[in-house]
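This structure is in structure tokens; I'll ask about it shortly.
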């Protein structure tokens, strides 16, 4: 008799646990109370930054509209850029949105939505710099037209783990500048400070923050030739396909009705 | 078994692929270089500052009476030392590092060198106070005995007081070095590839947190273990001399 | 060579801006070969006086002349003169970081530039004399109080001083060890060493001393040959002092 009661109790317990686990996993379930957690690195104007106590920027506003469409409540979590993909992969966050471009390595861990904005990696140098283009950093090219080496003492400042970092760190053959030429800083501001202090030859960073930095610091300029052009997208855990589909659908709608272009225009006026 | 192959795969992905383990080696090298050099700088500064401070305390009376340049010089050095201790101990080392890197040592493009100076200066302040407390803990009679034989102040310090003070402060000094090794982990703030930064970078590239962080933690642990063991051995040897 | 080895004139030592007067005007001359014993009640300034002789205490006023040099003059290199003034402390003050032989040879090697072999040979002779040759390699912590004090005496002797200052050398000793230390001092006196001894050992003062100085309240109250001082005290203070200790 006792045994029977015990087994019934445990069955009930298992059922309760199972239901709550399923409920917790069901992010795609568009309940009005459901939270949509977005991991970002709020030090990347104009895409995401802190405005007083609030978050602001293109990504933040688009995410707000997105959550509205999905009928979810948006929660923004500010973390290091390098921790975003890992956090999304393990389910700590529902999605990552931080001016993030799609790369092969990132695709191994997470899926990406369709692109919602274009990112450009620009090269900042001192105003009196002799360099006209990042191509001046290479010493020569092989038969395929790929670079064979970089000038001596070249130091490229980047923000750690950003697209600029990843591309710059590659070998010259693949249009990078090599590990030993790259100095990685915690923030873009640190990289720019290092450039002003004369510690690095150039800073490679997204065009939009680059413009802000050049405006804020005297004696800097952005080279006309951009380094890389990339599409920004939202990352979602691989198994969370339903959320990804919903996001893609919502992004398409928001682009079609002019919401997203308006947000981008607000932060980056085309004129 | 499957778990094991999964783990092996992850291990390979995190460390072997793209030769990412090389970052750890480079980082470890820089951490060791920075620690070793700043240790030496710290000890030298510590000895100098502790000497100035305790000389001033011990010779104030004599020198004031004699007057002249010597007293004024020592008094000025003592004041400078106090300001140094005040500033260094009153601000976070990461702020000091940023100030040195971006402002004071702007023209030095070698980040590792800047870090060596920074951690050396920082450690020097703490070592100075450790040494001073050690010097103060040696019985005044030892000092008087040295002076009564005809040793001057510095000779007395060198031959009699410092060796005894050193033995007293060794455990505290060891502790300071352990703190120093770990403190160098903020070198990444100014773009230096130290051990922590190497782990950070692997984490950023692989999007795996567990293995890189654990690997870095284990390496630090090994370093500190070796240091603790070595100073323990030195301590025992010094003690054996007396019994 | 002058017969006077130390001349003290108008020596004063004040603490706390003059509110405490440890020494209040002392004039005293010590001649070569003398064994001067300083006695007096505690707090009378006898230790301060002794420690002033090699400037471990810095006088507030007055002058001290050692072998013709005014050592209270700030320009005098006191370290050079201290080499010729051996001192023995109440608390022995052997160097804890050095073994016995190194305690004795450190100063001769570093200050007199004696070779290590010569210094050690001499140190061993001195240790033989006090019967502690077998302790050459041990550290001070392993010695008894009496042994430590005997080593402290030969450590000072190794510098071949012209005068030896003793600051209550037996006060910190267990009673059964007082004898061995006094014996070494007696030997020293017999050998003609000039000595200034602050002590409570009246027997030693009477037997070995050539002159006894009785100090009271920072001044020399009475002085003379030991027999006169002990058998025919003049001042009431000395009579009172002697009545209490004998």
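For clarity, chains are labelled A, B and C in written order, and residue numbers in each chain start from 1.
One rule holds for everything that comes next: a residue touches a chain if its C-beta (ideal position, glycine included) is under 8 Å from a C-beta of that chain, and two chains touch if they have at least 3 such contacts.
If you're wondering where the values come from, they're calculated on a predicted model, not measured in any experiment.
Asks: Could you run down the chains that neighbour subunit B and subunit C together?
Replies: Both subunit B and subunit C are touched by no common chain, going by the contact rule given at the top.
Asks: Which one of the chains is closest to the middle, using the mean of its C-alpha atoms?
Replies: When every chain is reduced to its C-alpha mean, the one closest to the whole-protein mean is B.
Asks: Which chain maximises the distance between its CA centroid and that of subunit A?
Replies: It is C.
Asks: How many angstrom lie between the CA centroids of subunit B and subunit C, rounded to a whole number?
Replies: Subunit B and subunit C have C-alpha centres separated by 45 Å.
Asks: Between subunit A and subunit C, what is the separation of their C-alpha centroids in Å?
Replies: Result: the chain centres lie 82 Å from each other.
Asks: So how far apart, in whole Å, are subunit A and subunit B when each is placed at the average of its C-alpha atoms?
Replies: Chain centres of subunit A and subunit B, defined by C-alpha means, are spaced 38 Å apart.
Asks: Where on subunit B does subunit A make contact in their complex?
Replies: Result: residues 101-103, 106-107, 109, 111, 188-191, 193, 197, 200-201, 203-209 of subunit B touch subunit A.
Asks: With touch defined as at the start, can you tell me which subunit A residues reach subunit B in the complex?
Replies: Listed in rising order, the residues are 81-83, 85-86, 89, 105-106, 109-110, 155, 157, 160-161, 166, 183-186, 190-191, 193-194, 197-199.
Asks: Touching subunit B in the complex: which residues of subunit C?
Replies: For this pair, the touching residues of subunit C are 54, 56, 58, 74, 79-83, 85-87, 89, 91-97, 106-107, 110-111, 139, 141-142, 152, 155-156, 159.
Asks: Enumerate the contact residues on subunit B facing subunit C in the complex.
Replies: 61-62, 65-67, 139, 141-142, 144-152, 155, 159-160, 163-164, 167, 241-243
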